[in-house]
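By letter and in written order, the chains are A, B and C; residue numbering begins at 1 in each of them.
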Amino acid sequence: MSNTDFVLAVEDLTVSFDGFKAVDNLTMYIDKNELRVLVGPNGAGKTTVLDLICGKTKSTGGSIKFNNTELTKLSEHEIVRSGVGRKFQNPSIYENLTVYQNLEVSYPKGRGVFGSLTFKRTQEVEDQVRRVAADIMLTEFLDMESALLSHGQKQWLEIGMLLMQEPELLMLDEPVAGMSAKERDQTADLLNRICQNRSVIVIEHDMEFVKKIAHKVTVLHQGKILAEGPMEKVQADEKVIEVYLGH
Amino acid sequence: MTLWEKMCASDLLGGKQGVIGLAVLAAVIFLVLPLGVDIFRLNLIGKYLTYAFVAVGLVLLWGHGGILSLGQGIFFGLGGYAMAMFLKLEASDPITTKIQSTPGIPDFMDWNQLTALPWFWEPFKSLPFTIFAVLTIPALFAYIIGYAMFKRRVGGVYFSIITQAVALILSILIVGQQGYTGGVNGMTDLRTMLGWDIRTDSAKYILYYANGLLLFGAIFLSKYVMSSKFGMLLLAMRDKEERVRFSGYDVSNFKIFIFCLAAMMSAVGGAMFTLQVGFMSPSFVGIVPSIEMVIFCAVGGRASLIGAVYGTLLVNYGKTVFSETYPELWLFLMGGLFIAVVMFFPNGIAGIWDKYATKYGWFKDKAVTAKKPEVSTTGVETHAVLTETLSAEAAAATESTDVAASVKKTTRKKAAISSPNIRGAEA
Amino acid sequence: MFGYSMAEIGNIVVMQGFSGLSMFTVLLLMALGLAIIFGQMGVINMAHGEFMTIGAYTTVMISKVAASYGFTDYYFIFAIIIAFGLAFAVGYLVEFAIIRHLYKRPLDTLLATWGLSLVMQQIFRSTFGAKEVSAELPEWMLGSVNPTPDIDIPINGLFVMGLAALVTFGVYMFMYKSRWGLRVRATVQNRTMAGAVGINTAKVDRVTFALGCGIAGIAGAAFTTIASTGPTTGTLYIVDSFMVVVFGGAASIVGTIASAFGIAQAQSVLQFFMTSSMGKVSTLLAIVTILMMKPEGLFASKLRK
């Protein structure tokens, strides 16, 4: 595969589980500072695509290039260190640590065994934690045990943990699931703010929310791309309407 | 600032409570017990305290890392045997052993028709090598097991079962290879270390104190690890391993390291055991001793370093008392202890103390001057790591997230005392 | 090789192979029970060996009764049924009293069931004494069959093998062909959903656990035909049967059979060429090494997670 100017270039990506192709020959390019939304019915392969990019699942064919570095050969932590952040579908935070500690643990220094043993909480770390906490609207909860946060706040905290690493590519799996209408609006603002200097891929079902944030939408169906483009165009697409409403 | 204030302000020691806890433990080990009991009993307590090394290692590995090894006897035994090999060689000089058909080799080798010292025994003629071996061989062995398992993401019950199988293998091997290991009797009749008779009362006192100091060394080292970012990551991994991995950490390396550290501590305990008790046998290596060491840690409180020491002392004291007088009752008690600790007191003595101290907030301050505050020491270790954690009751209440909001207020009030939260410990 | 001629080695392998078969059957029955519990519920029962001992003592007791009332020839059938029933009942109680509180903490279950095994061993010792006891085998079980003059197959071995085959078949039918098995499998795959469609998952857990224990009871009955029973008999096979389950890949009956066979045979044959302890060490070491390289066991299938 040739090198490209895209942040992320997914080409001919395939993965099969015992013969079942969950992702089938998928090709997709993400621009710098782009916010892309993946939509599609359950089982379309959206989460699997994210799993493949971040190394949780190994592909059976094709390539994933991030800034022209092949990711399929790297292990999970190497992919993260190259600048890819991933948020899981269910908020995945360290419930018995405080909000502050959750963010601090995610700070990208002291990542080795001995590095972590000698890691010091410097002013730099402190500033970064406070800046991110302000971004995710959790400044006043910094000292709280994170298990006590509301569901929506946990989602934000996990996004914050990713922002601590200043990733170039951020992947969010259903970031507004379980949120109130107000929280959804706040999250939309948050996402629009954070994609100023990085690319973001979001999986989302809520079409109202998608409209607020998406630069481009990719519709997946049975592991293949059904349609791709701006929201209005995709919504008018015959095949998309067929898949969503056809049966 | 006085030294006292400085110590209390240190995150490493776990604040004022942590300092008091350590001070009380130090007083118990270095003053109360040596003054209170005769040398025979003190030697016995010294023996128990060698198991505490294993328990302290398990606090890191199991209590904080969520990794349950049922094979810590492997490392205790390797350390103990390394030391025993050195002492045995010193006890087998050609003059003392001149009645053997091959003088100058350990007696059990002679009985098993060996005519020369096996090659792997040779380096154990040197004490520096022996000490080096105690510190590195068990750790290296742990590294191999840990590397093979954690790199392939084997964890949980599988890890426990496999470490148990390795403990079984090692104990059968030691018993089976009598000529090289002394077989089921182990290595007995150890007398001197570099000419210094370890069987005298004065030697027993010195070894007891050396053991105590080393144990404190292990506790401080563990406290340092727990108060560092590593300690925080350990808790994070126990809770959400995937999240840690996808935050750019190579999770397996952290697990391997903590497993090796716990192994090294166990080995030091084993070596001190050999020195104080004067023999080493396969009965400290196999399945049963390995799992009993887990219960020492569990009784004290799996997340509490100081609790682990008290737990070890308590269970072994009970074992000695009961197995001498009512051996039948003891097995029921021991079995019951496993079940009860797990079902009713998953945080052990430390957990009970926390709950008690939290319930009567006033008691915490009084404990500072209280006369018998042994248990006041427990449960505060995690203070440095979990600056503000749920109280024991709140932890139970938040099983359901719905209640979380309602207990928020009370918890923040009570949060001065931290309790290791065992939810997710097995995840 | 080892100073034997090829023909002799052939004979040794055949004879040791047959003696390994008795061990295989006990191991298989133990592992089947363990695998049902572990594979379906993720719980390792460290007291599993003691459930086998329950079955063994039951059989011994019934054989004594049979000897004094003169029905030695066919008591074994009753013994198997009662051994199963008793172990099942104790398992049912244990699940209710202890295990069900610990489902979310599998490591703690290890410790609790270990404690249980200590208590049970002491109960056996207090009740039956520390000395080993043997069952009076019926006359017809004592002989042997000689297909060729050189080969000697004991009838009790054949009987136990038939029993193991029957139980294995029964477990297969139960798990894959019955309503109950369907419920068990549904609960494993999606506990919440199974509960939502009206399956009493707590009851499924209890019966599954008790069934596993009951099969261990049958293993105990089989055990009495090849060795005598003592309070710590259960500890003899426990690590081996853990290894069988892990090695065979939990929740695969074929895997359990194959790995029980492999482990028992390897030990039996190796023990002839080396000392008994080295045979065991080599076998366990080989299993642990293979498990380190292939931790999911030999018969695990790939799943989409």
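Quick notes
Rule of thumb we're sticking to: a residue touches a chain if its C-beta (ideal position, glycine included) is under 8 Å from a C-beta of that chain, and two chains touch if they have at least 3 such contacts.
In UniProt terms, the chains line up like this: A = Urea ABC transporter ATP-binding protein UrtD; B = Urea ABC transporter permease subunit UrtC; C = Urea ABC transporter permease subunit UrtB.
If you're wondering where the values come from, they're calculated on a predicted model, not measured in any experiment.
Relative to the centroid of every protein C-alpha atom shown, the closest chain centre, again from C-alpha atoms, is found for B. Distance from the centre of chain C peaks at A, each centre being the average of the chain's Cα atoms.
Averaged C-alpha coordinates put the centre of chain B at 34 Å from the centre of chain C. Our note on geometry: chain A versus chain C, Cα centroid distance of 48 Å, whole angstroms. Per-chain CA centroids place chain A at a distance of 42 Å from chain B. Put simply, chain B touches chain C in their complex at residues 62, 66, 68, 70, 145, 148-149, 152-154, 156-158, 160-162, 164-166, 168-169, 172-173, 175-176, 287, 291, 294-295, 298, 328, 331-332, 334-339, 341-343, 346, 425-426. Residues of chain C that touch chain B in their complex: 38, 42, 44, 98, 101-102, 104-112, 114-122, 125-126, 239, 242-243, 246, 275, 277-278, 280-281, 284-285, 287-288, 291-293, 295. Those residues of chain A whose C-beta lies close enough to touch chain B in the complex are 54, 56, 75-77, 80-81, 85-86, 88, 92-98, 101, 104-106, 108, 110-113, 116-119, 143-145, 147-148, 150-151, 158, 161, 165. For chain B in complex with chain A, the residues that touch the partner chain are 224-225, 228-230, 232-233, 235-236, 239-240, 242-251, 253-254, 257, 386-390, 398, 401, 404-405, 407-408, 411-412, 415, 421, 423-424.
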